[in-house]
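Labels A, B and C are assigned to the chains in the order they are written; within every chain, residues are numbered from 1.
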């Protein structure tokens, strides 16, 4: 069972000016997905505090997966991506890209998220935006991939089941229009 | 009204060997979009000059938005992305990604652009490629998002209207084929 | 004719525990595409060795294009992206993005690749994942663009033919559903 930590990053929720809806929703969705949420945190948009907490969760608590919500936008106090980048050792750019391009087809404003994802030690850290909607849609996009990534990070064999990498029949649906697919590869590098 | 600056980056246009078509087009499109273009520049592909100009526009002139055109490709003299990265404080990777993936569906060569986007102080800086076509298509993709981003960067409430983040009815069009959407989230993290 | 080098990065293949299928496939596909493969290498997942080899291929051997296969995933020994980033001078993020988003529509696990692409001197370096399938699909996506990129990096005129940037009639197929395209640009920046 995947050990997860949930981190809400929000000045207003931290000061009690707004109820934190995204953290509890994230916890609920992770539990429904079969993960164990062993710890949840609510901290302000302070880069040092964010970096310190992520480091502790990865190094001391050894959780498999940390998901943050909030602080990914362009506002002056939004520093979650920078605080996360400071502590990850190997970036996983494809997860942040997927969140944005999948999200864009639901709401164009998804591309405003500056969130990143990466690995520290044996822990995967992912930034989600602060809105409950972004949390739900982000988990829908990433959820089926997480068990495989966590297993690979720990050098374990990825799990079987509908989300296992092989065979991918249930997952793969070929896109009809393939841009450059029409051009045969033969000769394209001949000059 | 959004205060903008236009920066054409091109050795050949700077030396007068080619007329700068993209700068004037960019200025015209921004004005049509309702922005105020308070300054326009034409400089060669020199990283130091690019960095210095972007810094001045953000720090002294306090423009809301700087859009550059040119110098984003793979040619030896194309250094706009590096010169921009040197002066931004917080990257907005989703804007550059959107330009490439949206552009790719019009012309595959859009992915050759190495352009980036980011924030310095209260100023948004965006790299567009040098061709007039890329300028027009880039603004078509980013235009409806810019007023919201600029407002958020300045810690202001985003504007109402068809481009406001809420409600997004006019903007959102759900994609029919959702790759992993078919898989219920329940249990995917159970192992 | 484009001068290429193929680099397989795999502990298991290096130790002889698994046959290297991707390297020979990559070589075959490049030759079919009309490139000249002047050298092929098989090295373990050691960052220093990867960086040293890429540097030598770019600086001494002056190949136009180096394609690596393997070491791009989230496993602890996967360090190809970091070793590549250490030696490139100018990143080409759009190539890695294209591999992931095009790949995602074939298999969602394509987004797990952490591969990057970039330029060192006059040499283009691209990371592909380790599986033969990823090698084949990656070349299908990137192949038609490579001759143009290599020419631009060398400050040469891109080649004519079906893959030339102009005219792009055979390549361009406009996507029907354009998210924000419906909104006229006029006035979107007026507040």
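Methods note: a contact is a pair of C-beta atoms (placed from the backbone, for glycine too) under 8 Å apart; a residue touches a chain by one contact, two chains touch by 3 or more.
Keep in mind that this is a model prediction, so the values were computed, not measured.
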item	value
Graph class of chain-chain contacts, one of line, ring, star, complete, other	complete
Equivalent interface positions on chain A and chain B, same or different at half	different
Inter-chain centre distance, chain A versus chain B - centres from mean C-alpha coordinates, in Å	24
Junction residues of chain C, two or more chains touched	97, 101, 104-105, 108, 144-145, 171, 173, 175, 179-180
Complex contact set, residues of chain A against chain C	90-95, 97-98, 101, 104-105, 108, 119, 122, 124, 144-145, 148-149, 152-153, 155, 165, 168, 171-175, 177, 179-183, 185-191
Chain B-facing residues of chain A, complex	1-2, 4, 29-30, 32-35, 73-79, 81-82, 96-97, 100-102, 104-114, 139-141, 143-147, 151, 159, 162-163, 170-171, 173, 175, 179-180
